[in-house]
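Both complexes below contain chain A, partnered by chain B and then by chain C.
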Partner chain A sequence: MLAAVSSHAAGAARQALGGSLTLAAAGLQRRGLAASAVTVEGDTLTVEVNPYKVHRIEAPPTTVTATKDELMSYFKQLYRLRRMEISADMLYKAKAIRGFCHLYDGQEAVIVGLEAALEKSDSIITSYRNHATHVARGGTVAEVIGELMGRTTGASKGKGGSMHMYRREANFFGGQGIVGAQVPLGAGLALAHQYSDTGGVAVAMYGDGAANQGQIFESFNMAALWDLPCIFVCENNHYGMGTAEWRAAKSPAFYTRGDYMPGMKVDGMDVLAVRQAFAYAKKYAVANGPIVLEMDTYRYHGHSMSDPGSTYRTRDEISSIRQQRDPVEHVRKLLLDNGLVEASVIKGIEKDTKKEIDAAIEASKAAPFPDMKELWTNIYAAPLGMQLRGIDSTHVETLAA
Partner chain B sequence: MAAASCTLRSTPLPAAVGSPAARSLLAASTRPVRANQRCLVVKAQKRELMMWEALREGLDEEMERDPTVCLMGEDVGHYGGSYKVSHGLYKKYGDMRLLDTPICENGFMGMGVGAAMTGLRPIVEGMNMGFLLLAFNQISNNCGMLHYTSGGQFKVPMVIRGPGGVGRQLGAEHSQRLESYFQSIPGVQLVACSTAANSKALLKSAIRSDNPIIFFEHVLLYNVKGEVHGPDYCQCLERAELVREGTDVTIFCYSRMRYVVMQAVAELEKQGYNPEVVDLISLKPFDMETISKSIKKTRKAIIVEECMKTGGIGASLSAVIHESLFNELDHEVLRLSSQDVPTSYAYELEAATIVQPEKVVAAVHKVCGVRVAA
Partner chain C sequence: MRRSLQALRRRWIAAGEFSQLGGCRSLQTFAGTALLRPTEAASHRPAFWAGSSLAARCYSSLPPTTELCMPALSPTMSSGNLVAWHVKEGQLVAPGDVIADVETDKATLSWENQDDGYVAKLLVPEGAKDLAVGSPVALLVEEEDQVAAFKDYVPTAGGAPAAVPAAEPEAAAAAGAGADEPAAAAGQHNSRMGPAARSLLAESGIPAGLVTPTGPRSIITKGDVLAAIAAGVKAPAAAAPPPPPPQQQQKQPEAAAPSRPAASPPAAAPQPAAAKQAAAAPPQPAPAGAGYTDIPNSQIRKIIAQRLLESKQTIPHLYVSADVDLDGVSALRAALKQQGVKVSVNDCVIKAAALALAEVPAANALWDAAAEAPKAAGGVDIAVAVATDTGLITPIIRGADAKPLPQIAAEVRELAGRARAGRLRPEEFQGGSFSISNLGMFGVDEFSAIINPPQACIMAVGGSRQVAYMKEGLPASKAQMTVTLSADNRVYDGEVASAFLSAFSRHMGNPFRMYG
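Then we have the complex of A and B:
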């Protein structure tokens, strides 16, 4: 089910009516709701996750255990991230958010699973689809909403916007506007880990669209050459904006594109499968060198708020993924169906999270916009009293000494 | 013309790095930017070195002083650098700190930025500045703008250095002047060295700076000989150099054009002129203090640059001078630049592309009036 799209399938899909794709033709994986075998013992759940597809490496075990507390924390975070992105959608439509806004709903299990396996001393860098990354790295929803609304309370003081969120104290290096450009930076983060012998890893995340960028292969080569502790993560949501993976990549088996590097394809909609993969990958990377993880995931929204997301894929496809593979639903069901928590507890979490999001929105709406003097701050780390000229050249702005 | 003590705009000297390599360098990025300090002028230790040796010495001193300083680029390690700037250093510092990269400018420039964000101080070498066109996105968006887009959270204390300019029949693609293209990038500083002395002293400052510095060397200047200063001498990155004090006209130049101008000056002196020559050093930001002081004195300005006529450093400087010093001028600014053509391989055509001393002499005649030698 996780097979790469064959050219035959691609040909069949091309002949399909008006570019509409069926899941089968695109080779996207299907998984039933109750497909995973689950056993419960006390507060611990043992689950069979979907098998990993591997390249030049042994697969980790597909038997994963999780405690009730772990699953509760995953659920809280998954639900929080989901509600946050939904609220960003509403705020964008209300014109409180402008410009580009790339939403992560559907892909939450990737970042939650990553954080469950890694430490804050591990570095991470990702693309413009970074709202969830900021929160997963310890940032607040208010910082994300504040940044999206361009307020001083935002993650980057309102000067970065949707694509530029960072959290230095948690080794979250952003946020990146240009497709793929974060990957060489990620190799640099890994180089720094090796240079200082920290024992940590760097995670460089990119999408299926970015996977065809030359600089990614340049990064692969350098990381592999020097055995850098780098986990390259392709979040394959199957569409590079409006172009399906099979129309952009000769080989959409992104986990194999590292060639000499080992790789693994992971069910990116299952937080437990993701957690297992990252724990395994970190161990590998620290001991041996770089590895590529491909997350089989999905975004419900279009590429950005300017893209309806329905001209290149069917609504049926979107809704069937939502019904069958939703990452938030999956964990909710694990908790409820196995009697780990009462439904009222889940409802309580949902209610509290909605309150948290609403409070973040209200706080952001009340927060100030950056003062005009912020135009001239943070241009240089050491401004040294430099002088910059204004629009009509008569104005001279002297930067702080 | 020693660049002695500097004023408020001197390059700050960070705290001396003391702890061993075992300390977490990721924490280094939390060190505060030091307050400005005067450049230190220690003993007048002067020896004569060629520019490549001077750069090498500066690099060696800074790498010894600070374990976070490292050099990455093509053939910088085992080969010792295509212009010998890192000759033999890998034996002293190892392969990690003199990192031989594959040929992938976009990739290793981004890698340098990522490393700099964690607190390391990488120097990324372009074997020829022209190759860095491949890395333009990383230089512009990440190196230049990350400090801003992150709301000040991350700084990028890296040096991007390498030779540019027109050489000896190297052909169009290896004769480019990248300073034209980089000058608009917000958040970077552009510095051009020209002598053995200033190359070493400026490189040391650039390495210590918390700002990203694009450091322009010139293909034809690596064997220029001159006295160099000792290990504690750093030169202000934002200060122009007064090459020759004069009264008749100010001639602005930088990099190799300094020598072209001084050749012309030798001739002009015989003809009774007294030009003032200012080596810009800082291409971004311009040292407006030195520039305006000179123009207010001579009231005439000539710019001699190797950039193309369109969109070069001289074009920017000319605009700035006209806009801010118009009433101080007795004549419009004359700008001598390279022709807007690809640099030919053929010797005569190449020579005709760039500014030659005769053109500088003619420009002074135009601005000051023709004089008959006494």
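Then we have the complex of A and C:
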């Protein structure tokens, strides 16, 4: 009884959590980017990526080839996305951006690898963490920042905000605010591809927090039944809002959650591994049917700008990922360490990108807010004589024509 | 400097590349540009900046920097205090490093850096208060060797002469223009006045000398008097109290705001009362012999002050005292000490109060303002008052009636320590169903405290004293202390308060039942 002078209940719980955090961190750290096996031939780099974990499918080869131009374009895009998200953070802290803001920094390799493997004719739908997806699908940084600041020059004319960017001409179907709601829509996009025989795939992206939702498994079922060309991508950044994956999911091996569907776990911080996986998955999906990809990735910021991101994970974990697995750093090192480009060229790209972002911010600050009359546009206005049924079919209301 | 930076930046973006102005490099801001005050709309006087010659001015030989400005770490934050720096000048920072602790309107949070670079200059010292969101607080440079250039760099307040005079002449001109008219009008009006103007003047009490005449031959018209009333011109009788500061204002030559002393009485116009004008002149050197020091009120103290006033004014306080014997508690403490467990009198008070609240549920209630009725608190959560440097804070012991005494003691020690360090989490000091404030260790016999709404009671515990009494016909002494309940009379009536106090006394007198 006297031994009850022991740790405070919360303290004990925190100890247990800390222990688990270090375990989880160790698991994350184990998959450091493999930088050892690299061979260079002229302008082409051959590199070994981290092995894929597979479920009901053969793994693609882990030897990936990339040319210097490809790597340069990846680096430019990765750096651009990184700086864009950082400037969104600073603008938010300066109250130039308000409301929701979910940042993608740390996860850039997923979208850049995806775009490297797929075409703009393939459809993609994702969650609210969509700033990078918009740019990767052909949008400009100015559109994203303008939209975040609510100006008419934004991607959705300033009426959508951070979570609702959309680019129909590039088959980017948003930008969805409700967690996990986009996955059934993604299956529908795949049905459209199959129905119209386009030969393309639909990519439905969701996070580890959404991965336990019911409608996702319903989508899996229907996609598998009808052999839809759908790639389900779980961007596993290991934390829901603040809940670690091992506390949320009985089986955190999200690539196996498709059960009868094949799946693959990919090192999501390595753009080359991601590209390889998507190319492989597209071939499979078009020929056979749906497949689940799990991207092992990480977000440096909290869930959103309201979340400091340090209450459910240690700063050490975040900085160790930054040091060991940062996607931008990885490509920079591939370029520099193998003598493909000079350091000055990289610095030049960085400077130009910063200028581009600066210009985008200035342009957005100077852009106007939407006029009041925009409240009445882009909304469904004409009822067109629609009929609404009441509780039973005896009660019908006809709206004005 | 802010405006000049904006002007500079417009030039660069127009030029499309960094231009070396006259051989010296100008200050470049990266996303520091984004950190300007968000209230500046894009259309805010662009012509002024674009056409000004400020852009031609540049700081000689300063490398390009990234400005770090005070961040809004919560959506409701408009200014914050910089509690502590975590970096030093010359230190390399990487994305994700914590630069500083920032005290917001709610809590002290860590501010993480997003940029690579070396810290060139910390523009504000530790402990700087009320920094507006968006004001620059530090500078980063890209190369380590560029840090030395900022050794003697003076931040914006002193080193922005072009911006301040540009702003000042405007402000001075505006004030001067406002001041000139009444000054010119003073004593220069025609004594002829229409009856309407005359009666309006009499009604409003404005002296004719303060009204600007616009009629022919400087006649004051009715419209002039109406305009003067609308502008809020007050009679100089209102400017009389307090006389010394305004008069001294006029006597002392002002370097900072030349137009202000001359405009002091008429410039009472833009301000509701001249007393405010006097109060607005604190930067003045105080009149000789009035030595005092202003101690600024911290954020916590301001909020405490507000809440205390609200509580005292809106809650009907009922005060009930009782003397409680302390001998049993002393015996318990001695016994525990022998076993190596340290328990203070306050811990026993907490436990006894918790048990009493469990026994008298009507005493463990809160006042529900919305329903205008008492409502039972969920559990026995006792808030213990801890005095810290920044103010009084009350960490909460939750479920105190079920916790064993040594655990309460340990919790109180830990929470008090963290409270003094300012590291309590919000859920640890918000809530609670009952408060205890103990001033016994400061030599106070008896006092009454102010209730913390929405709680319904606070117990003020005094110090122990030896009291003589007759025990079996022989004089003896015992230790006693006085506790005073301040209770919300809408929730507690006399019966409930005395039931609680008698239960409390009983538990204090029977301490070995309290333990465990």
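Basically, the second predicted complex is superposed on the first by the 350 of 401 C-alpha atoms of A that agree within 3 Å, B and C clash if a C-alpha of one lies under 4 Å from a C-alpha of the other, contacts with A are read in each partner's own complex, and residues count from 1 in each chain.
Basically, contacts are C-beta pairs under 8 Å (C-beta built on N, C-alpha and C of every residue); 3 or more make two chains touch, one makes a residue touch a chain.
On a predicted model such as this, the values are computed, not experimentally measured, just so you know.
Would chain B and chain C fit next to each other on chain A once aligned, or clash?
Fit - chain B and chain C, as placed by superposing on chain A, sit side by side.
After lining up the shared chain so the two structures overlap, which partner does A:Lys365 touch, if you call chain B first and chain C second: first, second, both or neither?
second
Scan A:Lys333 for contacts with chain B and chain C and give back first, second, both or neither.
Neither partner.
Mind working out whether A:Ala94 is in touch with chain B, chain C, both or neither, as first, second, both or neither?
second
If you stack the two complexes on chain A, which partner ends up touching A:Leu191: first (chain B), second (chain C), both, or neither?
first
Contact-wise, after the overlay, does A:Ile86 reach chain B, chain C, both or neither (first, second, both, neither)?
A:Ile86: touches chain C, not chain B.
Mind working out whether A:Arg56 is in touch with chain B, chain C, both or neither, as first, second, both or neither?
Touch partners of A:Arg56: none, neither chain B nor chain C.
In the superposed model, does chain B or chain C contact more residues of chain A?
For chain A, the partner with the higher number of touched residues is B.
State whether A:Lys283 touches chain B only (first), chain C only (second), both chains, or neither.
After superposing on A, A:Lys283 lies clear of both chain B and chain C.
I want to verify one number: the closest Cα approach of chain B to chain C after the superposition, in Å.
23
Please write out, lowest number first, the residues of chain A touched by both chain B and chain C across the two complexes.
In chain A, no position sits in both the chain B and chain C interfaces.
Could you list, by residue number, the parts of chain A that touch chain C in their complex?
So the residues of chain A touching chain C come out as 1-2, 4-5, 8, 86-87, 89-96, 98, 300, 306, 308, 310, 315, 318-319, 322, 354, 357-359, 361-362, 365-368.
Which residues, counting only chain B, touch chain A once they are in their complex?
Residues of chain B touching chain A: 8-12, 21-22, 24-26, 29-30, 33, 36, 70, 96, 101-102, 104, 106-120, 137-138, 141-142, 146-157, 186-187, 189, 209-211, 238, 285, 288, 319-320, 323-324.
Tell me, which parts of chain C touch chain A in their complex?
9-10, 13, 30-31, 33-36, 38, 42, 69, 71-73, 75, 94-98, 109-110, 112, 114-115, 133-134, 339, 341, 404, 406-407, 409-411, 414, 516
Any idea which chain A residues touch chain B in the complex?
121, 123, 125, 154-160, 164, 166-168, 171, 173-178, 181, 183-189, 191-192, 194-198, 202, 214-215, 218-219, 221-222, 225, 377-382, 384-389, 393-394, 401
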